[in-house]
């Protein structure tokens, strides 16, 4: 009983989740074991297929760099990110200034 | 900074002693007259600033023993917190000496009076501890900031840390 | 009499604080700040706080000024006007 | 440039309301009833036998603050030493 | 009188003494210094756990500095305390436990991590001072003492952020943090002066007892909220956070997280215990909620596009602060309404406080793993990393656990606290809950990016020589991993023993006041 | 005669200090602004503790017991002054190091960390 968390709307139980997880992973392993068994290590079967070209030695030549990840996401929200980049200007004056602006807004709101 | 003229240096020599004596006076009489460990320590540290200005860095830096003053700092702090910890028999920072006779244990008459030097218990002790600490700390700040000016000329002391 | 003196000190404090910001020459600013600290310690004395007055005179006017001058010396800007890029 | 104007307006609002609050704390020179301070003024000399009440507050009644203050000074010394330390690898 | 009554003072005094002795201990050599660093941190953690246990069994602990008896707070005929009081209720003790565990893990990690630097005696002293400042902030019951400890923590963190002083960025980050933080501290001092001038008291309980909301009190409230919200890094005052967290050494960043939590503690102590029911209008709770939502969203959207690993994580910590502000802000909104409090407010507060401990643990662990990567691979840029899972299996394992916890994947502890926050805020305004969910998804997305680029993929030729990090660093990381797994496996235990007493203590303003003012001495 | 003038002076010094931090582009000027803000907080504490006609709270220098200024703000200010010195010293050290690394005191050129 002491594994359940009641949130007032429902509950969460770690152990039933973990049991469910093991059952599911058992199923997955079972399905996997039904695959082909004529795979052999060390033959050409486990070589990387690289569009019929020679596979590059250094990994950095075939990896997508981190700065390209989520390129579409950033491109779609370009206006938003430009605003954010402008806000993070790196000026010490601005860092203090935003604090003063928030203080001014809050002072006006609280005093009203 | 270059050293100033011989007149300034002579005047500084004389005034240095007055400043030192005044600082120590302020520290020791902290519980009787305005002042105390911080103020007295600051006055003595101002003396070092004077010496630095009058004699210039070339003469001041060899004269100043930085290890001695970092010991001053550590000893002052340990004496301070130690005095607090000794009171732990009752509570942390308990004034276990006041009014008990003996060291700093005299009582003073109530109301305006000229004061008794041997009174106030741990207050006087802590005043001295803090005074020693402040002398050490502030003069170390001055010394290291002054030496920091020369950091431009020195090279080969860069640390690359984790960057390859 | 005391009131006039007090008023005078307060006015001088404001003026010296203003000049500490206004001067373009950094050394003048720092000296103005030292004057400001000294006047502030006088004000503390007028307000019957000699303990704080001694501390402010020793720390604010003495040591802080020394540290500022050392920093200016360290930045090799002691004689140069630092505020021309305002 | 727009940002500067915004900051200036905010600065004026903050300092204006600050000044309004300052003048509403109490009249200058008239703190009214001050139970904590009067306790010190009346009893500190008898309890701790120090003539300077400020010192007896600094080192006894609020001695823990002073320990913190000494620690701040120690911290500043350490930090300055760290910034200007002699470099080189161990 | 057993020594247990001295625990609140000892928790602060032990690391402070450790700091004062650290330069002396360092003279004895490297082993002595490391032993001192780890030993004193472990002792502090042990003492704070003992303190927490004592508070749970025997109620709020009061410790009066320098009085004849530890609990003699009021001299005869006085209605307010005249000495500095340490007032440790369940929330403070909880914070002390969280912070000191993070400090212990960071100290273990730093023994190996820092060995490429000089000046380590000062490092040990500053590390202890930062710990002291954090513990003092959460344990004290005196406003001015809070300010002093805040300054100790701030000045120590300036020194530690600038520790690698040959890196221009480190000095720059430290300077920016310093300017912003010092002005915040001065705002706190001015607010304390306001409260002192009105009520002639600096003790939190005495001020709370006398407080009637007027013009001056409102100004003081605004100043306190702004300064403390800045110190814990909420948007739009968060600009110093990525700089400082990135440039500090990794072990220190783990502790800086705990320090920002101490500022959050101060914010909620001010809102709940000092102002409390007299807060009146809903402006302040809504301000906190809006700041929280802004922090969540802007923090995470900045994090998605970062390519430096520690900076990415620092933006995540901005976004995670938002969850706590949201949870506790909803609790503050429901404070004056018992029905709403029972319906959703208390659950939200439980979620916020549970998220606080979870956040400190997994964010500390994430920064430690980032430090381990930096130590081993010599770069923080994600573009330069790749394929490290083969050479650093333990680090990878711990990173995966921490990343899953921060993204709120079940069954990890982050999921439980986020669940509590979602469900309770959904009852107030569904839009808040939706924003929190979106934030969670984006968090997962950005950590998938980190995991994919740094750990998976083919190994790079440059990184062929990379080895697993030394055992001290692994130990430091595994401390936090064990805590995370413990919190994951026993959520009910931690909720009912750690979180609920803390939430109850935070709501109970009358109890906080009467522990000092009313009832028995 | 004086009225609430000291409060006004506190406000003005705070304004000047914050103005310097917000709009000055020189690092030393920013440090001066921070010092001014610290001074305004100290002055506020002392002003709050003043009692008209009160004497120094030190018995050695005479004075009547009932007519003394409040001692607590003085103790708090003493602490705040030393903290102010500590922060100024550290801030100026950082400025010196910044000048060493960047070769300028202009805050607009010290922004390698952004975005």
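Quick notes on this structure:
Each chain gets a letter, A, B, C, D, E and F, in the order it is written, and its residues are counted from 1.
By our rule, a residue touches a chain if its C-beta (ideal position, glycine included) is under 8 Å from a C-beta of that chain, and two chains touch if they have at least 3 such contacts.
Since the structure is predicted, the reported quantities are computational estimates derived from the model, not experimental observations.
When the partners of subunit A are compared with those of subunit D, the chains appearing in both lists are E, F.
Contact with subunit D and subunit E alike is made by A, B, F.
When each chain is reduced to the average of its Cα atoms, A sits farthest from subunit C. Among the other chains, the CA centroid farthest from that of subunit F is the one of A.
Taking B-F and B-C together, the pair of chains sharing more C-beta contacts is B-C. Computed from the mean C-alpha positions, the centre of subunit A lies at a distance of 55 Å from the centre of subunit B.
Between the Cα centres of subunit A and subunit C there is a gap of 54 Å. Subunit C and subunit E have CA centres that are 38 Å apart.
Note on chain placement: the centre of subunit E and the centre of subunit F lie 28 Å apart, centres being C-alpha means. Subunit F has residues 2, 5-6, 14, 18-19, 21-25, 30, 44, 47-50, 56-61, 65, 68, 70, 72-74, 76, 78-79, 81-83, 85-87, 89-90, 92-97, 110-113 in contact with two or more other chains.
Among all residues of subunit C, those that touch two or more other chains are 49-51, 55, 59, 63, 67, 70-71, 74.
Among the residues of subunit E, those in touch with two or more other chains are 16, 20, 65-66, 116-118, 144, 148, 151, 155, 158-159, 162, 165-166, 171, 175-176, 179, 183, 190, 197, 200, 215, 218-219. Contacting chain pairs in the structure are A-D, A-E, A-F, B-C, B-D, B-E, B-F, C-D, C-F, D-E, D-F, E-F.
Residues 93-94, 97, 100-101, 103-105, 107-108, 111 of subunit A are the ones that touch subunit D when the two sit in their complex.
Note for the complex: subunit C touches subunit B at residues 50-51, 53-55, 58-59, 62-63, 66-67, 70-71, 73-74. For subunit E in complex with subunit D, the touching residues are 16, 19-20, 65-66, 75, 78-80, 82-84, 115-120, 122-123, 125-126, 129, 132, 136, 144-145, 148-149, 151-152, 155-156, 158-159, 162-163, 165-166, 171, 190, 194, 197-198, 200-201, 214-216, 218-220. Put simply, subunit D touches subunit F in their complex at residues 4, 7-8, 11, 14-15, 18-19, 22-23, 25-31, 34, 36-37, 40-42, 44-45, 51-54, 57-58, 62, 65-66, 68-69, 72-73, 75-76, 79-80, 83-84. Chain contact summary for the complex, subunit A toward subunit F: residues 85, 88-93, 96-97, 100.
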